[in-house]
Each structure stands twice: as C-alpha cells, then as structure tokens.
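Below, chain A partners chain B and then partners chain C, in two separate complexes.
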Partner chain A sequence: MNILEFLISPSDAAKRSGPHDKVVLSSRVRLARNIRGVPFPGHARKADRVRAFETLMPAVQSLNQVGSDAFAESMEKLSQNEKKVLVERHLISREHEAKGVGSGIVLNREETLCLMVNEEDHLRMQALRPGLQLGQAWMSLDSVDTDLESRLEIAFSEQYGFLTACPTNLGTGIRVSAMLHLPGLVLGEQINQIIQAVSKLGLAVRGLYGEGTEALGNVFQVSNQMTLGESELEIVERINKVLLQIIEHEENARLTLLEKKAKVLFNHIGRAYGTLANAHSISSKETMNQLSLLRLGVDIGMIPGTPKSLVDELFLLSQPAHLQLKTPDKLDAEQRDMLRSDMLRDRMREVARPDHLGVVIPPKAAA
Partner chain B sequence: MNILEFLISPSDAAKRSGPHDKVVLSSRVRLARNIRGVPFPGHARKADRVRAFETLMPAVQSLNQVGSDAFAESMEKLSQNEKKVLVERHLISREHEAKGVGSGIVLNREETLCLMVNEEDHLRMQALRPGLQLGQAWMSLDSVDTDLESRLEIAFSEQYGFLTACPTNLGTGIRVSAMLHLPGLVLGEQINQIIQAVSKLGLAVRGLYGEGTEALGNVFQVSNQMTLGESELEIVERINKVLLQIIEHEENARLTLLEKKAKVLFNHIGRAYGTLANAHSISSKETMNQLSLLRLGVDIGMIPGTPKSLVDELFLLSQPAHLQLKTPDKLDAEQRDMLRSDMLRDRMREVARPDHLGVVIPPKAAA
Partner chain C sequence: MVCIVCKQKEAKVHYTELAQGQVKKIDLCETCAKEKGLSDPTSFNLADILLGLGASHEMEQASESKGGELKCQTCGFTQADFKKTGRLGCADCYKVFAEGLAGMLKTMHKGTTHKGKVPQTFRRSHDHASKLAQLEQDLQGAISREDFEHAAVLRDQIKVARKTPAKA
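Entry: the complex of A and B
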C-alpha cells in the first residue's frame, strides 16, 4: 500500500485532541535500540545494514502493538516527496528522510507508533499522542520495548545501559519531547526567559522540525538532553512537570495580553486572518506565523464557530510536501507560494471573520 | 453657519466623477492676486492685513460665481481641526491653515470655487473639478477674475504682469495642478522615470498635500513651475497635454502588470483588502497605501459591485482631522490608529471580497 493512501487525512489528523492542546500540540517518547554484535548503521557496510534491516523488519512487524494492518516499507520504495510528507507529519526525522536501501519505516494504523529502522540506530521507536500525554506515550512504548526484547538480542551494557550510536543517547536511549504552541510568550516577549530557564533544567528547546530548525509559527519542541543517571519514568515525570509550568506561563501570558494589550492582540489576529484569506502568494514561514495567530484567535474566542482542528489542518496542508501532493508538476518555491495562497483563500472561507466582541477579557489576569 | 455643516459629506464629495478619474482624482487652477498699494500679507502690519481683509471679503462675496449661499468666514473663527479638515479636503493650503485674524475663506455651495484671503497673497482663487477638467476650471476661474477686476484695483505691472508676494508666481499668477493616482507606475517601478521626464518639461511633481509632502497612497500632484512668458491658456493646455501622456503611461503600466504580473497585483490588492477589513490599529500612511491598492482593485474589476467612490470616501474619512470629528476627546496618534481601524473594519463590510476571476486580463498589453 502507498504511504499516501495509508496516512490519516490531514483533516482527521488535525481533529485529534488531547489534554492541554491549546498549548501542547503533541507528545512523543522515543527509544533508541541496537542489535548486539551488528555495527551501528553509520559504521556498517551496506550488506550489514541490509542484514540488520532483514532481521528487524519482521521482528517489528510481528509486534502486537504494531498490528497486521500497519504500514511497513523500505525507505527506497518511498519517493522524495512521500518522505518529506512523513517529516511534515512529524513521523520520521529529517535524517531518516535521507535514507534509502537498508532503512525502513513501520507505522501502525492509528499513527500512534512509528518505528524507524536503521536511522542513526538500528531501531528508533516512537510513541506519539495529541496534547500532553507523555505518561501514556511512555507506557505504550515501554510495552513495545519489552515485547521486542523477547524477539531480538538488544545491545546492552551493565555499566552503560543501552548502547547507542551517539553517546548522547546512551543509557536509557529515551528522548521525551512535546511540541508547544507558545504565541503568548512570544508576543509577551517572555519566550527567551522561558527558554533560558528550561535549558538550565537540562531540557533542550528547539524549532518546529527539531534540532537546528527555526521556531516557525511560535511552535517549540521541548525535550530531555540527558539519557543517563535517571530512570525513564523519572525523565518523563520531570519533563511533564516542566511542561505543566510552561503551560501555566503561556496561559498567564495570554491572559496578560488580553488584559493589558487586547487591541494589539486583536490587531495581530485580525491582520493574520485578513492576509491568509486574501493573499495570492504567501511563503511557508509567513503562513506558519499567521496560522499561529489564527490558532490563538480560536483559543481566545475571537473566531466564532471555527474549530482549532481547521487551523491545524491548514498548518499541515500549507507545508511544501503536502502542497506538492496537489499537482504532478514539480513546484518551485514561487509556484508553491501561489498554490499555498490559493488553497488558503479557498479554505479560509470556512473560517469566520474575527469578532473581538466575542472575546471575554479577564477581569484581572494572574501574575 | 458652521463649516462642518456647510461642507458636502465625504460620501457625496467622493461620488463626484469626472473624465479620466481612474487616474486623475481632481483638477485645480489657482490665481494669485493682490490689491494695488497694500503691502503683501507677509509684510503687512496687522491693521493693514485686516483692512485688506475687510475690502476683499465683501468684494469676493458679491461675485455671481460665489453666490449668496456660499460659506465665508474669518480664519480665526475656525477651530484648528476645522482648518485641518479643509486641508484634507484640499480646499485650503497648509500655509492658510496656520492663519487667524485678518485671513479668510470663501467657498461656494458646490465646492468648485474656493478663495483664500490673505494667504501668501491678498487673494488666492481656486477653481476645483473632479477628474481631468483643467480647461473648464480655467474658464470658470477666468470669469471670476474678470468680474473681480471690476470690483478691486489689482496690482499689475505692464512689465511683469500680476504682482505677487513670491516671484515664482509673478506674471500670470496661475498655478495649474492635478492630483494623480499612479499605482501602476509605482508598482511597475516606472514612477521615477516619469517624474524626471515631467520635471524636464518644467512641471513639478509633489506629494498628497503639495510642496514638501510625501506621495502617500501613490497620489502625486503635478503642477506648473513657470508663471511667466506664457499665457494662462498656453500653460493649461501644455499641462493638459502632459497629463494625457501620464494617464496613458499609467494605463499601460496597469495593463502590463495585468499581463505579466497579474498574480503579484492580485496579491497586493488582496492583502490590502484583508488588512483594511481586519486590522485593529492602522496608521494613516499604511491606510492611504492600502486604499490606493483597493482603488486599483476596483479599477481593474477585482472588487465586484464596489464603487470607486466608496474607496475615495474612506480615503477622506481616514485622515486625522476627519477622524477627530468622530469624538469630542482629543485623540493622540495611537488612539487615531485604533479609531481609524474601527471605522475601516465597519465600512469595509460594504466592500466585496476581492475576486480575481472577475478580472479581464488583456490579451496583449500596449507597449
């Protein structure tokens, strides 16, 4: 089956909801695992990589949690654009996008479990959830990991824990992360303060597509830096606690903006709506930033009757690989900017015109 | 009678139409005249100025062309904001706005004839017409001038012609000007070329409020520099010829944009509409520039069912003194930007959403 036919539609993907999803777009837990006695993918010859792939794929596919209706494919069978679509859905990493023969992907029907074979490690397993659900994601992934250990000989050292290609993953091999939408902290100019505080707690704050990417659309990824010296559950709980604090800061920042600078906020949101609904050319970057403001508008009640999921769907559909799906011709950036604006003008008809009179201004925002 | 009650409503003022008014907003002819033997206003003592005022006002008011239903008032009787409104209507100069005791204004019922008493000269008479109607404006003003000569002793020298306070007006004392809307030449990046060419022909190109002001909203004022050595009619005809050429260049520039950069044009116009209809704070400068694009949108058929007069009305209503009329409280710039956006959001409901499908793209634009 084609990955594009397999994937949940952008509309359905955007309709998923979870706790705190005004601020937390999604939660993810990832485990890195390797097979004992087989060189890491980056050091392996092609034959070794293919052998590891052939061992891993059936083992992974036989997992109960993966299911018989999963999508499983070798990376070279996917087109460049299909791989980019997977990156835009946050299902695979940019590094995995570059892989071909000897690397693979296994994705369950619900898109809550995605495994990358021969990325940087032999196996990178990810559990994905909408909203803030790190505990649930961790528990489901832990059970996958337990089952997998009965099928494969995992490289493990009594001294170091799980062995990984990069020492930054050594030990638990866990990476816990959440995608946060923080327009309040950005508009309230508190974001740098928050990033510094979070960094001091040993967490990394990154942009939309992870390491080294920009925080487009006021979306930030928060994840753990350390994988050694703490148990998986301790790491999950520590991040969860920090995330709850960031959520509170973001909510307070929004209340303060509403209380002290409502007109400025309305101005940003109104203009974002006007631009998205009427432009005839718009870049990906501008779109993300305007959609971020539109999402904030929905959250504060300024866009009556418009579900947040519509904004999230447009966020997905606006990205380059998703746009490319609309036409067989290879689009250049200029053509993409036009096609994006055509799509947005059309879909924005479903979005109500902003109405600031519907916004409840808090009598007194929290400190 | 109060000047604000006297003035034609912005809506009615904007509904006036004339030849070539897609490009030419208005035509004006001005004559500078002085009374023999009385010092020029800038060199006169207050008593002299008041005496000249007392001679001039009844003489001017008795003119048939002025009529008994005209507005006639001493400048000190007008509030600061009323005077600013007159500047925004292009009825008096910025210099006249600063005047008080001993200076006056006489405006006929149709607002086609406006006389400033004791501006830089004793008398500056202006005939105003919508669109390109310099000949008509000149003829009507010539008849006013003829009638006036029978009532007053005008300072005239056989050698120099009419004597004026500033030598740049000496001779005929005529200033012929037109207000042009040139978004095509600005967007097509040909405007500087045109300004240079026009300057070489001895004409001045200025901004929205005349000398030393910026070309807000792509509006330019073209006027003669020389007042000596040619007859009034020669000057009028020469400018008229140049204006017809500028109109042709502007129309060609618009066709070329439509033919070669339609998407860019639609993008500008769509975004302008989106911003005007949804902002919650907007400066005067941004408003003029966006309304200019909206007017272009109406002209090319992209804003179905919306009359150009509505855009022209918004252009008037968006200006500071007109906004100040909406409230007794003295507005600062920030408050004005908010009130302006409130007015625009409200009135833009009458403007149809831009639809590029209604635009006829020329098969081949002229060279």
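Entry: the complex of A and C
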C-alpha cells in the first residue's frame, strides 16, 4: 500500500484528542537502540547498513504492537514529497527524510508507534499520543522494547547503558518530548521567563517551526537533554511535572489576557480570521501564526461551533508537502502561497465569524 | 565572523539556545549548519555541536598521553572522525575512546553510570554472577566453620552453576 493511502486523513488525524490538548498538542517518547557487531549507520558501509536493515525490519515487523496491518517500507521506495509529508506529520525526522537505501520506516495502523530503521542509530522507536500522555507513551514503548530484546542483540554496556551513535543519547537512549501551543505566554510576554526556568531544570525548549529562536505558530517543544544517570521513569516524571506547570502558566496567562487586555486579544483573533478567510496569497509563516490565534479563539469560546480539530487540520494542510499533494506540478513558493490561500479561503467558510460576546471574561477573583 | 566548525567560511547561521540556564550561541556557515542538522529545529541538539567541538579537544589530550591518535580496531573510527561528526563509529568505540569521553559525559549528563532499564540478557548474567559469588562466599564460610557436609552441597551447586553460564 502507498504511504499516502495508508496515512490517517488530515481531518481524522486532527480529531484525535487527549488530556490537556488545549495546550499540549502531542506527547512523544523515543528510544534509540543499536544492534551489536554492526557499525552505527553513519559510519557503516552500505553492505553493513543493508545487513542491519535486513535484520531489523523482520524483527520489528514481527512485533505484536506493530501488527500485520502496519506500513513497512524502505526509504528509497518513498518519493521526496512522501517523505516530507511524513516529516510534516511528525512521524519521521528531517534526518531520516534524507535517507534512502538501507533505511526504513515501520508505522502501525493507529500511528501511535513509528520506528525509523537506520536513522542516526540502527533503531529509533517512537510512541506518539495526542495531548499529555507521556506515561502512557513510555509504558507502551517500554513493552515494545522489551519484546525486541528477545529478537535482537542490543548494544548495551553496564557502565554506559544503551550505546548510541551520539553520546548525547547514551544510557537510556530516551527522548521524552511534548509539543506545546503557548499563545498566552507569548502574547503575555512571559515566554522567555518560562523558557529560562525550564532550561535550568535540564530540559530543552525550542520553537518547533522556524529558524533559530523564533517559534512560528507559538508551537514549542520541550524535551529532556540528559539521558545518562537518570532512569526512564525519573525522566518521564520530571518532564511531566514541568509540563503540568507550564500548562498552568499558559492557562493563567490566557485568563490574565482576557481579564486585562480582552480588546487586544479579540483584535488579534478577529484579524487572524479576516486574513485566513480572505487572503489570496499567504506564506506558511503567516498562516501558522494566524492559525495559532484562531486556535486560541476557539479555546476561549470566541468562535462558536468550530472544533479545535478543524484548526489543527488546516495547520497540517497548510504545510508545503501537504499542499504539493493537491497537484502533480512542482509548486514554487509563490504558487504555494496562492494555493494555500485558496485552500484556506475555501475551508474557512466552515468557521463561524468570531463573536467576542460569547467569551466569558473571568471574574477578577479567578486570577 | 567565521564558522566555529570549519573555521573557514563565513558564519551565516546563528543559533541561540537555552540549555541548563545558560544561553549558548553558535555561529555556523551554511554548509556546516546543514551537516549538523541545524536546519531542522525538531532534531537539532546544540549539545551535539558543542560536543563535537569540546570533546574532541579532550580526546586529543587523552590520546597524546598514549602517544598517537586513537582508533577503534573494530570499525576503524578515529578521533578525527569524532571531531568531524560528533558521533561514534560503533559500540566498541565507547571502550576505545572511554578516557576522552568521561569528562564530557559528566558535563552533558546527570551521571556517568547508567540508571534505568537493563536488557533481560544482561540482567540474567548479572544475577547469575552475583549468585555464583554468593555461593562461593558461602563455601568459604562453610569450610572455615569446618562444616564439610554443607560445603560439599555448595560445591555441587557451584559446579552446576558454572556449567550453565548465562547467555552473554
């Protein structure tokens, strides 16, 4: 089956919901593993890489958790745009996008488990969940990992734990992360404070989209940096605790904005609606920022009858590779901006006009 | 401003990241930025870059004391390769480059000894070794107490335990 036919439709993908999903878009746990006796992918000769691939793919596919209805393919069989779509779905890394012969992807039917074969390590396993569900994600991935142990000879040392290509992943090989939507903290100009506080705890915060320090769409990723000397559960618990605090700060920031700067907030959201519904050319950058405001509008009850999932779907459909799916002709940036605006104008007809009268302004006591 | 990695081309990509409360700035040329995966904010890890720079220095010092460049016999990876990529070549590289890695791991991680999940096979061999050690200790005790009857039983148990080594 073709990957594009296999993937859950953008509309259904956006409908997945989880705890705290006003703020937490998704949770992810990743484990890095290597097999013994084969150089790491970056240093392996092609023959070695292919050997590792041929050992790993059947082992991974035989897992119960993967299932017989999973998608499993060599990266060379995917087109450039298909790989980009997988990146936009957050299923594979950009590094994996560049891979071809000797690398592969295995994705389960529910898209809750995605394995990259021969990325930077022989195996990168990821458990994905909507909303804040890190414990769930870890438990499911732990069981996948345990089942794999009996099928593969894993590189492990008593001193250093799981051996990885990059020493930054050594030990548990775990990367726990969550994607957060933080418009309240950005508009309230508290985001830098939060980033500093969180990074002091040994966690990394970065904008998920955009270059350098900019965070397009107010989407941030929080993840652990250290992997050695701390158990998986300790890492998961620590990051979960921090995330709960960030959620609280974001919720408070939104309340404060409503309480003290409601007009400014309504103005932002109203204009976002206007732009998205009426533009005839719109960049990806502007789209993400406006959709972020629209999502905030939905969250505070300013856009009656519109589900959050519609906004999330548009976010996905606005990405370059997803737009490219609409036409066989290779789009340049300018054509893409027009096509994006056409799609948005069309779909925005499903979105009700913002109505600030529907917003419940919290009483002063709430703050 | 020149690129901090190749120290040749002009730095065009500037990245700031907050890690452990410190603002770290990185200036790279476009080629090196791409090579380091900097174009991808989701997988980019500043530590990787810092690591490739700082650690190789430490490794150089470690190898100088041994008179010559370190090289992994299993995969042929050299410290020059490490300096270039910030990655290791194979699992055995961790033994070869252990000395140079130690200090760096300390600054990078919470500790330098693994805590957490241990694969079943390693657990078994670990349990096995400690069980054997315990039996041997009991045997010494029995002999020193002149309890040869018990010692004979323990000796048989040790014999059996040694014959069935754990899967490596």
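Brief remarks on what is shown
Criterion: the second predicted complex is superposed on the first by the 358 of 367 C-alpha atoms of A that agree within 3 Å, B and C clash if a C-alpha of one lies under 4 Å from a C-alpha of the other, contacts with A are read in each partner's own complex, and residues count from 1 in each chain.
As a convention for this text, a residue touches a chain if its C-beta (ideal position, glycine included) is under 8 Å from a C-beta of that chain, and two chains touch if they have at least 3 such contacts.
Every value quoted in this text rests on a predicted model; they were computed, and no experiment measured them.
Shared-chain residue A:G171: touches chain C; no touch with chain B. When the two complexes are overlaid on their common chain A, residue A:H356 makes contact with chain B while staying clear of chain C. Measured by the number of chain A residues touched, the leading partner among chain B and chain C is C.
In the superposition on chain A, A:H280 makes contact with chain B only, while chain C stays out of contact range.
Touch criterion met: A:S341 reaches chain B, while chain C stays clear of it.
Look at A:G207: by the touch rule set out above, it reaches chain C but stays clear of chain B.
When the two structures are aligned on the shared chain, A:P39 is found in touch with chain C, with no touch to chain B.
Once the two complexes are overlaid on the shared chain, A:N267 sits against chain B while remaining clear of chain C. No residue of chain A is contacted both by chain B in one complex and by chain C in the other. Of all the residues in chain C, the ones that touch chain A in their complex are 13-22, 37, 39-48, 51, 55, 74-75, 77, 81, 85-91, 94, 101, 104-105, 108-122, 126.
Chain B meets chain A in the complex at residues 263-264, 266-267, 270-271, 273-281, 338, 341, 345, 353-354, 356. Residues 34, 36-40, 42-43, 90, 93-95, 120, 142, 145-146, 149-150, 154-163, 165-168, 170-172, 174, 195-196, 199-200, 202, 204-213, 221, 225-234 of chain A are the ones that touch chain C when the two sit in their complex.
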